[in-house]
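Per-chain numbering from 1; labels A, B, C and D assigned in written order.
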């Protein structure tokens, strides 16, 4: 449990970093599983990520109920986080984003696929969650545990899932990995867009290349994380 | 009437925010209906939005005549604002912009349509005002009440109208809503551009999805507004 | 002649502004005709525009010979400026740029045409100077008066001329007008690129619309100029 | 050997400049051949380029073994540098990058070709190294001398080589030339992308134009270098 303040500091840093990298703007959020209780997770109250401080972090159970009689307004879409943590014990951090380069792939019949080693976590390509399939006409948000569970089911064993008419979620075994994947999902989308627009044939990573590269990337994850903390959260202590 | 100084502060903030978000550059403007008199509106004198201060705000009647013997130079296109307020009692704030991503849709036969929940206010897609239809060869500006009325007529009951060879207008029931819509019109245009360029089929929001999402977005409008004030108008008081 | 220090200050401001607006990077330059002698012009010594100060400004005759025994290294392409001033008595300022959005139109068979009122100075579209036509294989630079004269001839009575495999020149009756045109040439290129990529039909300004809009824009030229000076050259005095 | 501290200062500047120009992010690296021993080269320890200081510079032999009992963690891909220096005595500096605009050309059948004089070092177009050809399924990195040698062989006598699913390398006879080429490879890729998207025919530089322009550009290399040092490494001393 002594790891908690350091983890909250990393979670605040993740909010600032993702805003600094334009993965999040006034909307979107990032969470981490509680280091002392796998059935809880930590997430800011409803607030623009760039403004989040340690005091804004709330604790939720996996049904996304606020703990400790915390009555502050939570994000409406916190069920994304709870249901992914429930279904995926390997996942320790989740980012939900509307990043501009990714949304086009969430509304297109063209699949987001890994174009270079940096986004090898996309493997055979990202699935797209179509909320209409089970929930018909909605306001497009994940507003309850049923909708969160359907999204988590579409994610399956992947690292990333797109959401039609909405955005995407990136997951990882730590905050730095989830932040890395959110950022490089954004980068890959921009690169794939450009590669397609060139009009020639495009070579994507082979699944085996992707698998090998993903393992390598996770081994050097602290390099970009250290840079991003220094650039976007220099005031942080850890 | 005691709400006036606070509203002027928000209007100045809106000018700085829209410049900071690249919705406005040296040109374009944002107005608000007078809180004490629905037949008047507030708008800066002719000045780049990024430089606007409370002392620059002028008052106009709905025929766009300056009030209080104010002889400072007004924007040439203030008639946009007066005529929209005249026709649309529900509208309390109006943004006029030449934002780069939107102009292509104002000159193309391809319609701007809502690609994700953030821009659900676009509903079935934005109409394009063609000034040639009634006014033949012009300098493209809205220079009088007749032209303003024709533009307001094209806007109809929508939130946004594009202007061929020119730009667009976004409206809302408050300054934060109009600013939000101007910003996400810009974002949607960029996203739709990219989605089309991917070459596959594109799924837009259904009208019912758009209607529901718009209601939701208006309920959380203060989240991006607070962020934008903090980022682009920290020196403001309110 | 008393106008000289103020004009040099504006010329330095133009260098900083064009760098700030990404119209110029480490290369490119901006000049002004001498206020006291129409057969001379003012241009920085060979230096990145963002670093130019009043002390760096040199004087040239229209054959682009440095005056006043000034032995500092001039830009290799100063002949662009001298030959345009020689041929076009109405031109008082010239910008030469490699701006990223414009170069594609300088190498494409697709013509740069005015898409909105802000770039109405493009009229029926910008001509492209092909240096190979008269000079065969070169290093692509305008290195002497013959090449400068050929470029000025291609410019003709237009405001802007593109240069194949190189960049473009924008001219105006004052520094603010030339800077405005360089900036909005860049903007128009980006917008036209996007409009074409949408795949539908594109409506360009009619020549009469362009002519009228250009007159209007020149009447409000100090609005963006004041903004740009405040943003990119606040330290200037005038 | 007295040139060493000045060269290390330039190498640190190059790291900061390339990060500032978005050629490098958390990944990528830049090296220089040792000024006193052509069989050694200088390269930072494994660190994001934006954070590199003089104390982080390590020395390697051309087999990419760390010298002076330096046990700090080196970049995994240092073999890129060693093998290029081994094969190309004219090369004094090497940049390895994943720059966003270039990667699409590294995965597309469309060749990166020089669109304007600034990128004339691309000559007849950049080759693409396909690691699968000799090494089958990998994690896409250059992890040993064999892979580095194969990459250097593909580079041949060119200035730039692309790497499929990965990025590119730019070389030069000095740090400023290699940095210039890395930056303008990035620029050329963006411009060529846009020129192709316009849909018309595209005119590339002729080989003779490219050769002449490259010689010219190298003669004014200190102009952008001075700007970049001032902007991104003002704190440096030299």
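Here, contacts are C-beta pairs under 8 Å (C-beta built on N, C-alpha and C of every residue); 3 or more make two chains touch, one makes a residue touch a chain.
Everything numeric in this text was worked out from a predicted model, so none of it was measured.
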Chain B against chain A, contact positions shared by both copies (same if over half, else different): different
Distance from chain D to chain B - Cα centre to Cα centre, in angstrom: 45
Chain B and chain C: spacing of chain centres that average the CA atoms, whole Å: 32
Per-residue multi-chain contacts in chain A, two or more chains: 197
Interchain contacts, given as pairs of chains that touch: A-B, A-D, B-C, C-D
Chain C partner contacts - residues on chain D that touch it in the complex: 115-118, 120, 187, 190-192, 194-195, 197-206, 208-209, 212-213, 215-216, 220, 223-224, 226-228, 230-231
Complex contacts: residues of chain C adjacent to chain D: 25-27, 46-48, 50-51, 76, 98, 100-101, 103-110, 132, 137-141, 164-167, 193, 196-197
